[in-house]
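The data blocks that follow each hold one structure.
The same chain A turns up in both complexes below, where it pairs with chain B and then with chain C.
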Partner chain A sequence: MTTGLDTSDAAADTLTGGPRRGRVRKGTRRGAPLPLLLPALVGLAFLLLPLVALLVRAPWRSLPDQLTSPEVWQALQLSLVTATAATAVSLVLGVPLAWLLARTDFPGRGFVRALVTLPLVLPPVVGGVALLLALGRNGIVGQWLDSAFGITLPFTTAGVIVAEAFVAMPFLVISVEGTLRAADPRYEEAALTLGASRFTAFRRVTLPLIAPGIAAGSVLAWARALGEFGATITFAGNFPGRTQTMPLAVYLALQNDPAAAIALSLVLLAVSIAVLAGLRDRWMTAAS
Partner chain B sequence: MTRTARRTRRTLQVAGAGAAALLALSACSSSSDSSAKPDSSASAKDTSKLSGTVTVFAAASLKESFTTLGKEFEKAHPGTKVTFSFGGSDTLAASITGGAPADVFAAASPKTMAIVTDKSDALGTPATFVRNQLEIATLPGNPDKVTSLKDLTKSGLKVVLCDKTVPCGAAAQKALDASSLKLTPVSYEQDVKSALTKVELKEADAAVVYKTDVKAAGDKVEGVEFPESAKAINAYPIALLKDAPNAAAAKAFIELVKSAEGQKVLTAAGFLKP
Partner chain C sequence: MTDGRLRDGDGAMTKPTAPADRGFADEGPDKGLDARLVVHRGAFHLDVALTAAPGDVVALLGPNGAGKTTALRTLAGLTPLSAGGHLRLDGAALDRTPPESRPVGVVFQDYLLFPHLTALDNVAFGPRCQGAGKAEARAQAAAWLDRMGLAEHAGAKPRRLSGGQAQRVALARALATHPRLLLLDEPLAALDARTRLDVRAQLRRHLADFEAVAVLVTHDPLDAMVLADRLVVIEHGRVVQDGTPSDIARHPRTDYIAQLVGLNLYRGQAEGHTVRLDAGPAITTTEDLDGPVFVAFPPGAVTLYRDRPTGSSARNLWQCRVGGLETHGDQIRADLTGELPLAADLTTVAAAELDLQPGAPVWATVKATQTHAYPA
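And then the complex of A and B:
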């Protein structure tokens, strides 16, 4: 639980050093034209109404009982740990990938970028089956992992992290790549002419420059990983305490006890709001 | 300049496509509602001539046999069309009580049918039309030499069960309890087909599923019968729904399922007679 909040806080901290573009143009906001205002309000209502319904119909009286069961906390803890680990994996692999796509030139780069975004359009369940075929006990790479190291990923917590990272990493890559493209490459070029190696320039110049993009991408990836359902249940299965994350617990509770499912959803909602509120001062204002 | 103009045009195109899709969706749902009403009143009087669409919500395990029966029905009654929604019985029951426009509900357990009858969304008493027995599905050739339910508790064997909230999981638990065995699976799957898939993909060594699923999977899995399954046989009830848009044709479909011809198709798929 603490680990989840720590990373997000750390991510937000790096942002305080970033540029604050939002503050400058506050005066131009007056008088939104009606053709924009109306659909905007309808859109807002459309997004909020289901959440309001969830709150209105929540079983408030039995809520304390629902939430004190150890399964709920087990699932919540697992969700936070795996979502954070999946974000960490995405950061380690995704930021270099974004750099490669934005800063280097190689044949078929556009095609590679399209491939990177594929998990975004793939139904998560299909993603889960694809992961089984690749990393499962009988998968292309998985059978080799099994025979050489005795590692099998399906039905393990590590498998949950793999499934979540598979689905969440594209969000981070796209966000970071966009920031890299917007960032002025002349700073890096200046560092290079002053004798820095390409890696030093990346570490000392590029990384601080794109920190806001990395933070925003991490938050997106973390949120996506937290809500991941299809790939997780397909690739990692469902076992309480090991692979049963909150979305899985919610889905299965929905089968025979909708009230419990609503209670679990409220917990997930509360955690998400808490994290976003924790970031509000630094991240939300910088982005607005 | 030109670039922004082009981009705006593209955004508009995308928005237009989205709006069209929305319209199509809403048109779809409203038309099925409005066309269904007069249809049902007309066909209720005249049972000899059936027409229109029958919507059947059925448990996932009925997929193969009901699809066959649907085709037979359409052939016997030209002008009718049978559409199916297969899924977990609980999920289907929830969507029926939530107002989904369906004519017939066939559940994999009396408990899930009770969700619908408790809200008085069904007409009359549901009738049991088949029963289904559990079977162990193992890898082709049964390399782990599983011959009994007890063999599944061997350490190192990866077994998947259905979650206790779905009928196949409840039945498996009943069989295990009856023989006082304690089995820790690697996963509790959300429905019987996903449990079977784990064995088909060779990720799990064995799963406890229905006989009919083993049969439908062909040579991708091997079935092992176990005597304890006799203590956990699921009865499948079928019922006409109260708000059935096409009640007459729906009644005829239920009759087909219960008829000798229908039973032949179902028993061929591995179901037991009621």
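And then the complex of A and C:
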């Protein structure tokens, strides 16, 4: 009886293919044709080799000293603080922006959406130059900020946050917008009929419903902000303790102290792996 | 309480209750609902007048796409009224009032219980929004759940509730805001047949206890007839008939309603006992009428013969052809085409004896006493 069922199940699997087929790993591997298998393995090696090299050449013995040096700590601390602040800025501005794009209909919405995603594909250095022209001491908004409030952003820690948020926010907006589109807007309508204002409906119903998307978007934005280099060095410069984040420190160290550069890189690699582990459930399961 | 309301409902069934007879237009509707729901959206046009007194349960009945749900959404304020429409509830104009400020509760078709909140917090949501403190709102919610017999499920998240339980939580959530107008969108459509029977009976009880106006939308005539005191039938965005369930069941005025209540329906000109159909032959009836009329008779009143009956006294005799056959309960329903298209019910044995096949010619008779004619 049992064997009979098993056979029919197996037969069904073979016939239907589909998602269940993916679990039959043995058969898939044996069946991979060489013209696909070879470049695939080369590609895998290409992606992994640099990371392996980083681990092989790491100055493991002097690593504790390298990592406890005040310069490294300063850069790491600055990176963590600015990336977190940039993520916070992205959340405060990006979630409402995502809501606007997903839930309202206004003329030119598609165009606005394209503009929002522009920083995703824009070379970060160009972003830095653009930020200087907008918020620099002589920028179109910056000169006004300077004269009216005495606020200058370029070459300050706040400038780092601005540069990182500029590059990171689109990741959050896109992620949250996608989640919002997938969420049923009628929950908001149900909240309205119960006497909730539109904002209360958003805060008490929509926000909890899209929390997973916000979390994923935040992690993405945070990781992007942490690795940000081009816009930061262009807009905020490279002053140790003030605007020198980890990626800038790595680049600088590579010129005079390669061992320190490797040590700093290892720290960023560890952070990246931690982020990936955090996203494991969301992405790896989605991909498989 | 329940009995009293039921008797009221029965009483209302016996007297004609066309909207004009309800007296709202004269007195001024300072109680209950007085609405004209007008929506123009592309090719779709909705224009439905709706009045109801407190305590009334009105069912909007109609085929899919007739505009029932749109009508409900305009009542809730989720779809704006177009020019020409108006909405007054207990004397107050609500046309421009946003949904959150209307004293209107909605039970949505798939309930839309907030998945991240427990049953208790779902019900407490409304009172909270109306300004009650957290503890106060929860106490009210607990009382509502208790009333619905759901006290032990207060801490459950919606996904852990059965369909019937979720339906009652949704009803409690809508009632907890003390609405003056309760809207139910296909309240039983999401339930399986067995649960449906239970929930329908419970819902009927809760609606009978509800002291304000209730409007429910359904495409199921049984739900409408069990739950509502009055039916408003909508087709293509227009009211095609309005009356008590028994009135509508007895005197259908469109093919859609006739099909729902299982009657053959024809329109024609009456001259005494003869009704000359607009398209087709004449039908002899017992009623003595003049002018445009409807004639209706149930499929069970039709008798079929393979050969022209000679001894039959039936005046209504038509030659037909079998269009299709299907089982209908323990009977066979035959769709007949010919000079008078009609549906006939017969037993399986009779169908076999007549050797009914699609395309087979048959003679159909209906006794005049089994037809029912009424003015159009």
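Criterion: the second predicted complex is superposed on the first by the 221 of 288 C-alpha atoms of A that agree within 3 Å, B and C clash if a C-alpha of one lies under 4 Å from a C-alpha of the other, contacts with A are read in each partner's own complex, and residues count from 1 in each chain.
Simple rule for what comes next: contacts are C-beta pairs under 8 Å (C-beta built on N, C-alpha and C of every residue); 3 or more make two chains touch, one makes a residue touch a chain.
These numbers were taken from a predicted model, which means no experiment stands behind them.
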Simultaneous placement of chain C and chain B on chain A, clash or fit: fit
Chain B versus chain C as contact partner of A:Leu269, first or second or both or neither: neither
Partner chain in contact with A:Pro208 - chain B first, chain C second, else both or neither: second
Which of chain B and chain C A:Asn256 touches, first, second, both or neither: first
Which of chain B and chain C A:Thr234 touches, first, second, both or neither: first
Touched partner set for A:Phe155, first chain B, second chain C, both or neither: first
Partner chain in contact with A:Gly195 - chain B first, chain C second, else both or neither: second
Dominant contact partner of chain A by residue count, chain C or chain B: B
Overlay on chain A, chain C to chain B nearest C-alpha distance, Å: 25
Overlapping contact positions on chain A, where the chain C interface meets the chain B interface: none
Contact footprint of chain A on chain C as seen in their complex: 76-78, 98-102, 104-106, 108, 112, 114-116, 125-126, 129-130, 173-174, 177
Chain A residues touching chain C - in the complex, by the definition given at the top: 184, 186-187, 189-198, 200, 204-205, 208-209
In the complex with chain A, residue positions of chain B that touch it: 88, 90-91, 94, 158, 160, 163, 165-166, 185-190, 194, 198, 201-204
Interfacial residue positions of chain A with respect to chain B in the complex: 129, 132-133, 136-138, 154-155, 233-234, 236-240, 243, 251-256, 258
